[in-house]
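Below: one structure, written as structure tokens.
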């Protein structure tokens, strides 16, 4: 069975989804999907172990060898992302049953879990496949289920946000499809490994430039990189809390994975960064993204909006790290992927707990919440500190590496800008802290109890992991740097 | 063009035209699908939606300049990209010389069915097709999550009466339809099994099957159609289709080969391939047919609900 | 060159018409129609690259030596399915939006949204003051 | 024998093509919906029939011949039915033929709302 | 001969598209689409013969069926209140009369 792990990773949640439809009882479905997700997580741990010891795993679906059939190709980078996605999904699912009780009508619970599993499948599929067109298919699975999940939010604005996401997402996916088509036309293959070997021969043609541009723009639409981020804040804010926690931690990560995969593996480092001004472009967009989104976050009244904008800013950090294209920079990017997933899922889960008790997450209703829900608020504060990059949290580790990478490159003005960006994060986190701990509860508001246990367990699991990896970052660092080295073609 | 109805009609024409183009370009399977899906199912769905939302469009265009800018930029980028493309139709372009020749030359030996598109679809790239089935399944679940109205309230006597009287006018068409439906169903089965030899296969068959049921629903009313095919039954079939497809892969895995390696399904590789393709085509057909029916039912149900509300409002308004 | 590439250019024009509709029109159904046109045009791009001069449909038969490339056909079969799935989901969203907002024009919806935003903020500030 | 088949096939195709074009012209040139429908309905059925029969003369084997027969039967069944339903629906929704001009304007304007 | 017939069908299709765009009533459009559909069926059958692979008539059968179904769909859904809210039909009809 060990040799089948790469495909089982995707197949387990996939097959669980239709089975859920047959089970029908929502309690049972919850347990079952939790089970499936946990198995996926275990598989991803095994895969990571296997990859770290024995190198790249290739799995030929249908027994057809690579350029003719579809290949699953797991290297350090994939395995790392698979771990993040399935891990977050499992932890978040623990809280799902309690959370959606309040937010989604009873008869739709089963459908919710099915869509959740399908979305998980889509993301895992995108990450593990080594075939460019297969990426498109699984991208659509994850996007379609994402649209439906977001539309399940209570507010009617959820519908509108979901529609906007659908339009943007479909344009993005179609752009990727055009890009893949053009690449295929120039090389005659769809397999990524094969593409990377055949593309250099035709790298100087205008068609390949266009293909590259379309793939990158399409991915950036999904990624919510700065000028293309408009769909994200509302989608995250009005979606059910569980969905937000899951997507904020994983969806953009998958898009970043695609960006890395296409620029580094498929088109190759020299093409992406020497022939094209991609480096400067991404640096610029990343930095603008950090400042625009962080400043926007400061003025938000809805706490979910605050953290949604902060997600866009974090994408900015990630892209800046990526644009250095050095080993340290890439390590920082990958570390930040992991760390951001830890913080954002914890924060949004905690917000989910607040929604569970209060029914909304307006900033004004946070007043005095620090005393009423101490554990939940403490989690939000630790998550926020981590977003700022305070030592002893994971945020510090990745920022540290990012700054090192920038200084290595000699880009010290950028490093200063990054530090300034973190100051903005201090402001928006402070506003929440201020409301929660230093303001009196609103007159006439009913005092609330601490969040239920099913929320606290996953939240504090994530927070503990956050602090643990903040103090002892050897493990995550080892994996991230191994992945970065393999991407840049340096033998470890 | 402000009239959405006309827009949808023209979209149908565009779809038919592009399907004819696909035939001219030798893509018979694609033309088959595009005709059934683009001209048939999507046009119908759009029509239903228009009847719910109304058919006029506001004249204002917002941000036309920005749109024009984006479009001109993207378009010129693409035109720029075409300059180095291999010319249309030349036989030594890279796509014709790298991966595809194996499919054309070896598929008869390796898979053993004459329709190369089917053998690539169902065997070489079976996982893509699996993904496609899951996409359709996702869409079905998504539409259900958005539109299903839970327990249907007991049919209001009055509204059903109105509903029935509305169908009386379609006497001729009802008879013709009754004659046609068995033929369509039979034809769907033919397409299902003939996919190995000619254009067709599970997906197309599923769509045709669903089209027959939709035709029935349109003429005899949703309530009647629901009696024939109820919601949980369709859900069961949709899930069963995906599971069947996946199980083929799992069985081949249990037999010691890779996922979707049909060679392991029978002692003779070619026989295994045949068996595998037959089964997965069934899976595709089941899922597609049931999901299409499911989507249409949900749309029609919303429409009916809305109309009933309007009628009740009208009746109340009259009595006041 | 003109003869060799004209079909690509036609496809580009079609695609851009679709994209323009998606961006410029405020009606939600029309946006979806635009998306459908955009996607169908991409399908045409793929299919036209598969054609081989003198080739025939990729179904083996006696006496035929040259076939068009079957792989893009397979890809587009999948893409058509994805397209119809997106259309169906989009239309379902439109129905729900129409029920929730009473309109399917982007402007009206944004207007209504701004109103509710103002209202919630108003409530929030009132609460703070009291 | 081949000769005869070919010639009669070509003849049928020719007649069919002519009918199709004339139907198209009729659709474009006739004054109101009902006359247009007449043009389309009549020529469509006959024209399509002629073209399909013409193709039957050329068909190389029985399978193709029988498929053509099926298509022909379908057109014969479907064409008139749709015409009938279309006309009926138009009539019921108060679309009046252009014959009686004076009454018509009154009636359409009064019955539409 | 096939080429000539194909060409004739193209002409007829073109005329149908013009009618479909200009309208003026709903039913004219439906009629145009219906005619377009039948012409497509013929076109596909002819194309099969033109290209020398007439085995693909299955597609033509599907077209015929789908065409029927969509026309029925259009008619079934055209007699609802919502569609009559569109005044342009009646207006243009008045103009024409």
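As written, the chain order gives the labels A, B, C, D and E, with residue 1 at the start of each chain.
Everything below uses one rule, namely that contacts are C-beta pairs under 8 Å (C-beta built on N, C-alpha and C of every residue); 3 or more make two chains touch, one makes a residue touch a chain.
All figures in this text were calculated on a predicted structure; none of them were measured in a lab.
The minimal number of chain-to-chain contact steps leading from subunit B to subunit E is 1. Shared contact partners of subunit D and subunit E are B.
Among the other chains, A has the CA centre that is most remote from the centre of subunit E. Chain pair with the most C-beta contact pairs: B-C.
Centrality by Cα centroid goes to chain C.
Remark: subunit B and subunit C have CA centroids separated by 16 Å (rounded to whole angstrom). Chain centres here are Cα averages; for subunit C and subunit E they lie 23 Å apart. For the pair subunit C and subunit D, the distance between mean C-alpha positions equals 34 Å. In terms of their C-alpha centroids, the spacing between subunit A and subunit E amounts to 47 Å. Each of residues 15, 19, 49, 56-57, 59, 61, 71-72, 75, 78, 82, 85-86, 89, 93-94, 96 in subunit C touches at least two other chains. The multi-chain contact residues of subunit A, meaning those touching 2 or more other chains, are 133, 137, 140, 144, 147-148, 151, 178, 184-185, 190.
Multi-chain contact residues of subunit B, defined as those touching 2 or more other chains: 26, 28, 50, 52-54, 78, 82-83, 85-86, 93, 95-96, 99-100, 103, 125, 128, 131-132, 135, 138-139, 142-143, 146, 173, 180, 198-199.
Each chain pair that touches appears in this list: A-B, A-C, B-C, B-D, B-E, C-E, D-E. Subunit E contributes residues 1-2, 4-5, 7-9, 11-16, 18-19, 25, 27-28, 30-32, 34-35, 38-39, 41-42, 45-46, 49, 54-55, 57-58, 60-61, 64-65, 67-68, 71-72, 75, 78-79, 84, 90, 93-94, 96-97 to its touches with subunit D in the complex.
Within the complex formed with subunit A, the subunit C residues making contact are 15, 19, 22, 28, 31, 35, 38-39, 42, 45-46, 49, 71-72, 75, 78-79, 82, 85-86, 89-90, 93-94, 96-97, 100-101, 109, 113, 116, 120-121, 124-125, 127-128, 130. Across the complex, subunit E is touched by residues 56-57, 59, 61, 64 of subunit C.
Listing the residues of subunit A that touch subunit B in their complex gives 4, 7, 11, 14-15, 17-19, 21-22, 59-64, 67-70, 105, 107-108, 111-112, 114-115, 118, 121, 125, 131, 133-134, 137-138, 140-141, 144-145, 147-148, 151-152, 178, 182, 184-190, 198, 202, 205-211, 213-214. The touching residues of subunit E, when paired with subunit C in their complex, are 51-53, 55-56.
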